[in-house]
Every structure is written in structure tokens, then in C-alpha cells.
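Common to both upcoming complexes is chain A, partnered first by chain B, then by chain C.
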Partner chain A sequence: MKINALKLRLKDALVPLILILIAFLFSAIWISFMGKSPLEAYRALFAGAFGSTSGVVNTVKKSVPIAFASFAVIVSTKANVFNIGAEGQLAMGAFGATMAGIFLKGLPAAVHIPAAILAAALGGMAFALVPALLRVKRGINLLVVLLLMNNIARFLLQFFVLDAFASDNALVPSTDRIMESARLPYLIGPPYRLTIAVLIVLAVAIVLELFFRRSTAGYEMRAVGLSPEAARYAGIDINKYMLLGLLLSGALAGVGGGLEILGNHHRLYIDFSPGYGYDGIPIALLSGGSPLISILGSLLFGALRTGSLNMQAKVGISDEIISVIQGSLILCIAANYFVKYLLNRRRSGKAGKEAGQ
Partner chain B sequence: MVYAVEMRGITKRFPAVLANDHIDIAIKAGTVHAIIGENGAGKSTLMNILYGLHKPDEGEILINGQKQAFGSATDAIDCGIGMVHQHFMLVPRLTVADNVVLGKEPRKGLLYDRKAAIAKVAEVCSRHNIQVDPAKKVADISLGMQQRVEIVKTLYRGAEIIILDEPTAVLTPQEIDDLGEILRQLKEGGKTIIIITHKLEEVMDFSDDISVLRGGKHIATLRKAETDIPELTRLMVGRDVQLGGRKESAPGKEEALRLTDIVYAAAGRQILKSISLVLHKGEVLGLAGIDGSGQTQLAEIVAGVLTPSGGSVVYHSRDITGKTVAQRKKEGIGFIAQDRQKHGLVMDFSIAENLVLGFQRRPEYCQYKIAVNSKAVISDAQKRIREYDIRTPGEQVRVSMLSGGNQQKVVVAREMGSRPQLIVADQPTRGVDVGAIEAIHNILINHRNKGGSVLLVSLELDELMMLSDRIAVFFDGRLMGILDSATATREQIGMMMVGSSLEGKEGPAS
Partner chain C sequence: MTVSFFVVLLLSVIRLSTPMFIAGLGNMYCERVGILNLGAEGMMVSGAFAAVLGSYYTGNPWIGVFCGMVGGLVAGALHALICVEFGGLHAISGLGITMLFNGVTKFLCLSIFGSTFTPNVAALQTTKILQGVPVLGKYLGALSPLVYLGGLIAVISYFVIFRTPYGLRVQMVGDDPRTVETAGINVWKMRYSGVLICGLLCGIAGAYMSLGQLDRFFEGMIAGKGMLAVIAVKMGKWEPKGILGTALLLGFFDAVQLQLQINGIIGIPPEMLQLLPYVAGIAVLSLQTGATRLAALDTQYLRNKYKF
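Up next is the complex of A and B:
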């Protein structure tokens, strides 16, 4: 029985790897259509992401906001909500952190940094509050509202950066720089500039794991996510958890955006996020709801984003191919059940189905 | 002698279970053959193999003496085998005739020939003396009728061997009698019938031969005339089973629950029409009625998962009408919901996690107020698994891996383990095997004998009459009357279930 359970778990772990492999193979077809060698392209991609110290550091750096976006999606999914609005919340979190970074003056770094991160969390949370209230009070379809909120966030960001808080002395449209005291300290200094944001990712992942595995509220939230009806019959307030889940999710996405400003850019640009918030979605789905495992997925996506530059330079393939890989990955996830079915059929039986039922 | 079906050495393994272990069964042509066993005994697997849905790992199947290897259900159908599943597979918006011919429609040129379909279906029905109106929509006919449609469907496809999986699970007593008549007619017409069931009364009513499975093995095949219910039960369970209540004391006079003028409406329909009744301490009050008469809603209102449109719920002299489910649990109201998979359990949670569902905030399961005390949860789960005889390799097993009876034991163990004073049990033995039924009945009766109260909803009259002190009969959202179960007859209750009140009495008694 134990061995069987272990085998089943191994099979569960195998599925995401197979999906990623399929996505790469599928994208290879398109690369060869473009008259390039997929093997060469992927070698350049890999070399760009992991071939040098600065490549590795960049991969890790880029994985930070992606990891937070995936935490956000994981947390919301646990509460039976699908937070497709992480991108918007991430932008509002970045805005919150920027404001705290610019306008809170005379604070020591030990206070200023946590305050700015808190502002990021509040920014993301506030932006998730609108759809959450619409859902709980009016029963409006969350997916649509969340998706549209992403557009609102984009235009708000343009307004903030180009108008309300536009800097007078910047080459690219952006806000002013945040105060020194709000900038994240380096773990590895220039030229690599790896900040303590990495440690924050790990810490948050561990706290989230503990929350879901050990806390009573985490238990209740999982019950709501797995079976809202059973949770309601057990006397658990499902609306409370949907609200809580979405707000927490928004806060996490916001922190992801905030760390990006506090650690890397030190000022807010319109295009500071190339879509980190969307990257979180496939990762959350691939990681089976585990924040720690989602860090691995975030590293993969960080590597794609980092290595694609090298691929573009060496092989001449536009970095748009990254979107193709990600897109195929999402298609693969949608086809996940089919892959599981194929795996199970090879063992000639429906796994997990109770016999005799 | 040539058998209609011969299964030799059938073995089927699933990842965690050996579902069928070298089963040999031979079924004579033109007989009704029952395959009985507890949940998880392997009967459905065996029939799914016969119907081509599963491939056996070992063994062979002979139909009318010819060896067959079915790759799919289509092969089995071509070989003259039909199956009526427990959950019907009909399209509600289509007519009976449409449903019957679906997949094998008569055509006129390129078009579907509806007239021919109706004529053909009517012909099949009259040949086998089955009464169904081919022109009616499936959505408008009763479950009993739908089952007939399923049977006609197999006949239309030329089935000579018909498998029925738990055919009586959804039927009223009258419909069960009608089904018996249909099966008899089919048998006289030369068909071979196989029924899978765990209800022994029906086995004795319907069948000629009976095969018993237990734990994936074939235990025995008996002729009906040469056996009886106690022997079959013993073979099924592997030991003696004592069904039947042992009511010791008379119910007390103290009120546990008083419902006054409960009204419930949903989607513009009055589902409960001013229900008033009283449940005493040390009493089992049965709620009888055809499925959908409002009993379930009343139970859910008492449990707190439904809010009544009007009226009051008073529990131990306190008005709890506006209280939440969580508050009611704290006050000692346990609830065994009708649909365990949807409402009673989180199917992807482990047994241990499910055993605290709804009680996770109790101090004994918490640590530092916010964390789950896993040690306590696990040791408690191990204790309950032993105490309630939940058959599982361990407390960490996902509840979805358990058989129906064991899932229900998890629900019962959880709700009883919280030491409730009032248990609301909505069809607590639905779809569970006889061993689990015995266990659940004993638990409810013990609860009553210790002075607790039980509000019991059941569609099985025998169960209600055996367990209840009084029986409240519902029809169309109204309380038709309350009978003393010691003096009430099945006929009396049956009449009230279809709308005739007690003679000489007006309105609801209490």
C-alpha cells in the first residue's frame, strides 16, 4: 500500500515535467519552421539563463515577482477563487511601494523597507478588494472582473507615471527615485545586484506552507477550496474565506510588484512588469498548490525570460518565442487530464477508482 | 448444458485493490441471477468486465458457449448484452423514443425518422409488455419510468442478457413491485437477467439463483429455494448480522426539538408548508415520504444549512432559528447529510482531516489557538477508525479511496464522536452495505437509548418502522400525520405518502 501510494505520488510529480517537455517540443516545431535549429536555440536559451554568474543571478532575480504571482494564484485557488488579476494587483503593489519609498522621509532602513513592503501589500490588497466585494455582495463573475481590473491597473499606472507622479528629470517616463533607505540591501553587490528579495520569497513560501498545513484557518480554507459545499455544511463561512483568500492573494501579488521596485528599479516605470502576474498562473497550476514547489516553476520562467535575450542575440529568434512556450504550456495544462489518462491507461486500469463501486 | 454467461477465473487488479480474485460464475439462460455482496466486494467490477468496460487481467468469458474477448461496451452490445446502470444515462430533454434509439436511429434518407422511432419503440414495449409512453419527454417521467426506458433501450439493441446495477436504489415500493413484474415477463420471454444488489429482500423476490461475492472472491452460488436471508447475510458479511432495533426504554416527555409553522420556499415553489412537530429526548422520529416531499429540507433546516422562509426552530427550549451551522454544532446538533460525497465529506481530504471537519475549532484539536494539533487529530482518528470499524489501511488515506459504506462510517464517526444530543440523519444508510447498515442502526438506537434524540429521514419504510418511535409522513411539503410505529402498518404509511390523510383526522397531528 505504501509503495503504491509512493508510485502514485511519483506519477503526480511526473506529469508537470512531461507537460513542460511537451511545451518545449511543440515550440521546437515553430522554431524549425522559422528555419532555425531548435537545439541551438535551446542551447542558447540555457546558456543565457545559467551559463554565467550574471545569467544565474538574473534568472533568480526575475523569478522573484513571478514566484509572488504564483503564490497569489495558489492562495486564491485554495479558497476556491481563481485570481487571474494578479498582474493588476502586482502593478498596484509596485505603485504602493514606490509611494512609500518616495514620500516617507527620514526613516531608518529597518523601518522604511518593511513599511514600503507593507504599502505594496496594501496596494495589491486594495485592488483585489473591489472584485472581492463585487463577488461576495453581488455574486458577480470574478473571472471577468479580475481580468478587466488588469486593464484598469494598466491605465492607472500610465496616469501615475506619466502624469500624477511623473519625474521631471528622467530619460524614460518614470516616477522619481525612491529614498536610499527604502532600497533593499544586496546579498551580492554590484555588478550582480542580488537583493534580499530572494530570502523574502523563501520565507513567505515557508510561512504559506505552514499556514496551509498546520493552521486551523489554513485547514478551513483548503476545505472551502476543495469542496465549498462540504465546507458550508460543516459550518465554515465560505464567503469569509473567499474574501480572505482573494485579499491575501492580492497582497502577495502586490508584494511581488513592490519588491521589484524596491530591489531592482528603484522607480516605477509603465512597463516594469513584462507580465509576471500572468506567469504565476501556469506555475500555480503546475505546482499542485505547493508554494515551495512553485519556486522551482518560477525559476524556470525566470530562466526563460533571462535566456531569451541570449537566444535572440545568438540565434536570432525573437524573444516572443517565450510566449509561445508559455502558451503551449498553458494548453498542455488544459490537456493535463488527457496526459494523466494516458499514463493511467498504460497501467490498464483507472487508478484511484474504488473497485466494486 | 450451455450457459448464457460463463466467467472463468476472472481476475482484475486496481492499483490498491484486488477487485476480482479468480471468480468463476455460470449463469443459466432464461433465469434471473442475482450477484450480491457488500460495497467493495467486486460486483460492479465483475459486471463492468462482462459489459466490456474493463479488461480482465486474467480469465475468460463465454457467451452461449462461445469464447469472447470484449474490447469495449460496443463489442458486448453486439454480443447481445445490455446494461442498465445505477445512474441512468438519458437525455432529459429528449422523448422516450429519441432516447431509446439514440445512437442507432431509424433514418429516412439523411434525416432522423421520428415516426419510425416511435413505432419501433412502441413495438418493443408491447412485445415485452412494458408500459412506457414513447412520445413523453424523459424529464417529465418518474425515475421508475426512466428505468423502464433504460431497459427498453437494451431490448431495442437486441439484448438477450440484461445486467441491472442496483436497480431498486431509486424506486418507491410500488415501483419495485412493478420492476419485479417486468423482470418476470422478460424471463418468460427467454431473456437472461443479472441483477447486482445488496438488498436481500429483493434478491429473494426477484431471483432464481444467487451468487455471493466477498472481498473480490466468489463465495458461493445458491438456488433461491434452498437459501434464506440470514444465510445470505452471513455469506456476504462473513459473520452473523443482527438487524433490527433494540429499543429498551420508552421515550421521555422532555422536548428536545420543537418546530413551529416551518415554511420553506425556493424558486417560487412551496417546498414546506407550515410544518409543526415535536421531538422528545430519547426518541427517534422518522420522517417518511416519497423522495422530494420536503423531508430533506426539513432536516437541513434543523441542521442549519437551510434557512426557513418562516417559522421557528426551538432546541432544548432555546430558539435557534437564526443560529449558524457552527453554533448548532456547538450546541450538540449532529448532522448526517444525505449526500456524503458532496456535503458530508471533502473527498480529497484524508480520513483524519474529514474526521474533524466542522469540529476543527474545538480546543482539543487546536494548538496555541491557531494551529491544528495534528497529534491529537491523528490519535483521535486512529481511535475512531477502530471504534467505528472503518476499513482502511490508515488514517492518512484519502476518503475518496474508501467504499461508500466506509465513507458513511467516517461521517457517522465524526458526527457521533462529538457527543451530540440531537442527531439529524438524512438517509444515513443510503447506498451502503448490510454490514454498515447494521452498524449505523446500532449507533442510532444506542444514541436513543442513552436519552439522545434522532430525527431520521429515510425512503425505506422498513428502516423507519424498525428504528422510529413515531413516524411523521410527508406528502408534497405537508405533514400528513404522525403515527406510532408500534401500531402503524406499511399500507397506512404508504397511503399517506401518496396524499391521503389519516381517516377521521384533519390536519397535522403532533
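Up next is the complex of A and C:
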């Protein structure tokens, strides 16, 4: 597995925008294939996401777990590994937070909330531990294992929700509700229900930026990501940082899942995540490794997820089209070398003409 | 524990290991020409759904299988275009293929049938002709004809890889594309052929899962089988015999958990039993020793005109 290739170096700000545009055009083909107007569909999508106050709030709300998933992927790529298991770690983090929220009793909110977030981080981290150890000790293909771990997480989630911790009085299969003291306080109260999770996202993004730019550990981790050979030569323990990177990555994904439970759902159910963990992958790759920029990408995907419901209601296009956009975006990212080649050819072609005159 | 129990288990092992086996053979071609394929899952999903569509609209399951092959081929062509022609990143492209076709099939399924599963269609679950065979007919006939097709593909693959000029070229491209090009062989044509064969076989594997094991498609039905196929290839050392062995081993764990679920012998909840094949897959992968023999696996080999 060549992780070096993962450093996409999309310094050209134009390239991410072109890739996103291609993904939207490609998905438009599928929409018109179903006999609907893509223009109308995308307009409904935009209106759903930004057309009303509740739309905007929902967009921001949904971007929280997505942002954490993208942080998780960013941190892992800095350490020269590629964490595509964020979806599974997110689910395990949500489970950790739910457990802390239900079974820790009699704590004040100021203690209970941090404890539940810590439990979420530990849940995600624990789930990243097995693949991380296998990678470092046995040198196995991490991507294959991480994708299988996502499958395992689904079954574990079903086990927790349907069997082990199933609530007796719930309409859809779910766990019991978490304690009042574990629920995140509102920034904007009902009917919008925007919680302090938004502030946590910003704080974590800033801390991560500082960690990579200012701290020794962050610097060394980046060195491992940029060139493992050079880092090894400089006496940096590569395996240590791979392990550290994956565990930190798992913890971040876990916190994303945990905040989703503590802030929005207040109980765990099987389909609480429509694929937030997968959303993080294209965002992280397009953001060029910057957590702050990835927040912008998360807002885009939050908007897609919010607006797609409106699109489904108004135009009759299944909100599954989001997965199509997501998948084609990842394919575009994989082929980004070719996009850069085309851009380069156009530029050098122009330059050549000017020189000729 | 009677003889019939073991026969049922054996049939179950064969049934469950077939998709991993066929997809694994496909991946063998793909990895041997130097292209990593994490998109096997997506190719299988595409094949499974296309097969059901074909059978649904024509009523003929064999046309369904053909559509499945086309479905897998389309996904394979996309992977080939990105990895062979555009010099793309194999791992990310594979991931994208899997996510795209999971999304596209669910989207189409919802748009056409209004739910995440299709109605029942004409399927290929048993082989009528073999039921006439004395003594064993009852068992041979209980397997899908696609199982036998899989066996045939394995035998053919063995000869193609080890006994034909094409097979020798495939082996060389995965080792050292530059030398192969110097020898006057078109590296890109070889790489295209490997990925396309992979797409075709993954399509058959998917068609087997939707038409050979069941008679419908539902969301999430492939559930990691493509990934297990990738493991089978690595563990099987890129040889048909090894892939068959690993696929049977993984199929065995799947069959055991299924039998335990059906019989309810021990009080383990079904979700925990379903984990068994995945855990076995990870364990098998971690037992693998030695470095990759395919030096050119997961590398870009660009045409000169695309270099800048």
C-alpha cells in the first residue's frame, strides 16, 4: 500500500471546485435518467438547505459529525495512514456516549457531559486499536481491515440496540434515553435546537491546527506523513506515530458520533448515522489537510444531507442521490492527477501561444 | 450430528464461498496486472442489481446473469479508466467505486421499485439437469449452475495464467511494467484487460448472490463479501488453488454461523454470530506472512503523453 500517493497536494484552489462540479454534473445524469429535471432538483436541494432558518440550522447541525469524521481522516493521513473506518468508529463513539449518558447517574451536567464525550472518544479509539495494532505489528493492508471493521460495527450496533440495551418503551428499536444531565445545552433553543456541539467543532479544529503547526509531536507526525523514509532517517519512530495517528483519528470520529447522540438524538438507534463517516473522506482529501478548511466542506455535505430531504419531498428524487454525489466525488479525487494535467495543458497551451506572438 | 448434517454444512460452505471465490479470481487478474482493487465490493453490487433488473424485465434469469456481467464490467471499466488511463490512486478509486455503486443501486432501487429491496424474480437456485445423476443427484442439483460456472472459470484461469502467453505477460506486468514495455508489450492494454476481466467476474459473483443464492436484490446484500474476496486473493498468493482454499475457509465460517443461527443451539444473539466471517477474514489476513511478490501492485504507470 502506497500512502505517499494519498498526499494529493491540491494546492490549486481551483481543482477541488472543479472536482465538486464534475461530481454534481455526473449525478445530474442519474437524475435526468429518472426522468426528472436536475436543475429543479438542485434548486430544491439548495432551497431546503439554505431557504429557511430551520434549514440553515439543520445544515449546521448535520455538519458537526461530518466535520469530526473529516478531522479523523485528516489526522490519520498526516500520520501516513488512511482511516476509512471512520463510520465504524463513529458508531462505537455514539455507543460509548450513550452508555455514559444512561448509566452514569447523579452527576452534575458540568461533569457528566465531559465524561460522556470522553466515553465517546474511548469508544472510537478502542475500535481503531485492533486495525492499528495489526498494521503496526503485522504490516497488513489497513484499508481492507478498516472496511471490514465498518461491517462489524454495523452488526455490533444492531446487537446493542436490538438485544443488549434495547429499550422496552420505544416506537423504533433504540436504547433508553440518556440522562438529562448528559444532554448538551442549547445555543439556540427550541424549535431550532442548536447545541454547543458547534462550538466544540470550532475549538477542536483550532486545537488541531495548533497541534500540527506548533507542537513537536504534531511536527513529527507530519514529517512521517510527508516522507516516511526521511522521517525514519531523522530518527522518528514511524510506527509510534502511525499508532498514535490512528488512535487519535478513531477518538475524533468517536466524539463526532457521541455529540450526535448527546446533542440531537439522546438515544442510540441503528440508523442514527446516514453515512457521516464516509462523508468525511472526500472532505478531508479536498481540504488539503487543514481542519479549518474541512469545516467548509462539512457545511457543504451538511447542506446536501439537509437539502436532499426537501428535494425528495418536492421533486421526488430519492435522497440516496447524495451517496451518488459522494461516490463520484471520490472517483474524481482519485483521478485528480488527470484534472491537473488538463488544467496544466490548457495553461501551457495559452502560454505557448502568447510566446509565439 | 448425523451424516446429513455434514452434507448440509458442506453444501452451505460451497454456496457461501462461491461469490468470494469468483470475485477472488477476478481480483487475481486485477492485482496481477498491478492494479489494487478495493472496488470489488462495488462491482459485485453493480452486478447483483443489474442481474435482478435483467431477470425482472425479461423473465429469463440467464439474461439476468448476462446483465450482471455487463453491470460488473461497467464498474470495472470505470476503475480501469481512472487507474490505468488517468494515473489515478487505486485505493481511493476502489473506495469510490464501492461507494458510488452502493449509492447508485440503492438510488435506482428506490426510484424503480419504491423500496430498498426488489420483488422476487426468476432465479437460478438449482440445477435441474444434474438431479438425474444417480446417488449424488439430489445434492448436485441443489446447487446453482453458477457454482459450476465458477469451477469452470477457475480451471480456465489456471490454464490462462500459467500456460498461455497472455498469462505470462499478465504475470510480468505485475512485476515490472517498464521491462515489459521495453519488450514491446502494450502495458496499458494488459492492465485494461486485467481490470475488465475482474469487473466481469465480480459481476458474475454479484449475479450469483442475487440470482443464485436468492431471487432478489436488497440494499447492503453484498455486505463485505467483496472485501473478503480481496483477502482471499492476498492469502491465496494470487493463485487459483490458493484463492479456492481461502474462499472455502471463509465460507466455512459463514456456513457455521448460519447453521448456529438456524439451529439456535447456543444462546448467542444472531448479530454476534454474523460477525464470525468478518473476524475470520481479519484473522486470516493477519496470519499472512511475507512481503508482496507483486512489485508493481498499486503503482501508477502513465502514458508519456500524460506526463508533465
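Throughout what follows, the second predicted complex is superposed on the first by the 337 of 357 C-alpha atoms of A that agree within 3 Å, B and C clash if a C-alpha of one lies under 4 Å from a C-alpha of the other, contacts with A are read in each partner's own complex, and residues count from 1 in each chain.
Convention: a residue touches a chain if its C-beta (ideal position, glycine included) is under 8 Å from a C-beta of that chain, and two chains touch if they have at least 3 such contacts.
Remember, it's a predicted structure, so these values are computed and weren't measured experimentally.
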Inset, instruction - Name the contact category of A:21: first (chain B only), second (chain C only), both, or neither. - result: neither
Inset, instruction - Report for A:220: first if it touches chain B alone, second if chain C alone, otherwise both or neither. - result: first
Inset, instruction - Once the structures are superposed on A, label A:34 by its partner contacts, choosing first (chain B), second (chain C), both or neither. - result: second
Legend entry - Touched partner set for A:234, first chain B, second chain C, both or neither: first
Inset, instruction - Pick one for A:281: touches chain B only (first), chain C only (second), both, or neither. - result: second
Legend entry - More chain A residues in contact [chain B versus chain C]: C
Inset, instruction - For chain A, give the residues common to its interface with chain B and its interface with chain C. - result: 1, 8, 348
Legend entry - chain C - residues contacting chain A, complex: 36, 38, 41, 78, 81-83, 85-93, 95-104, 106-107, 110-111, 223-224, 227-228, 230-231, 234, 269, 271-272, 274-275, 278-279, 281-282, 285-286, 288, 298-300, 306, 308
Inset, instruction - Using the touch rule from the top, collect the residues of chain A that touch chain C in their complex. - result: 1-2, 5-6, 8, 30, 34, 82, 84, 130, 134, 138, 140-141, 143-145, 147-149, 151-152, 155-156, 158-159, 162-164, 278, 281, 285, 317-318, 320-324, 326-331, 333-338, 341, 344-345, 348
Legend entry - Residues of chain B that touch chain A when the two form their complex: 12-17, 19-20, 37, 39-45, 54-55, 57, 216, 303-305, 324-329, 335, 337, 342-349, 353, 357-358, 360-361, 365-366, 370-372, 374, 393-394, 400-404
Legend entry - Of all residues in chain A, those that touch chain B in their complex: 1, 4, 7-8, 214-217, 219-220, 222-223, 226-227, 229-237, 347-357
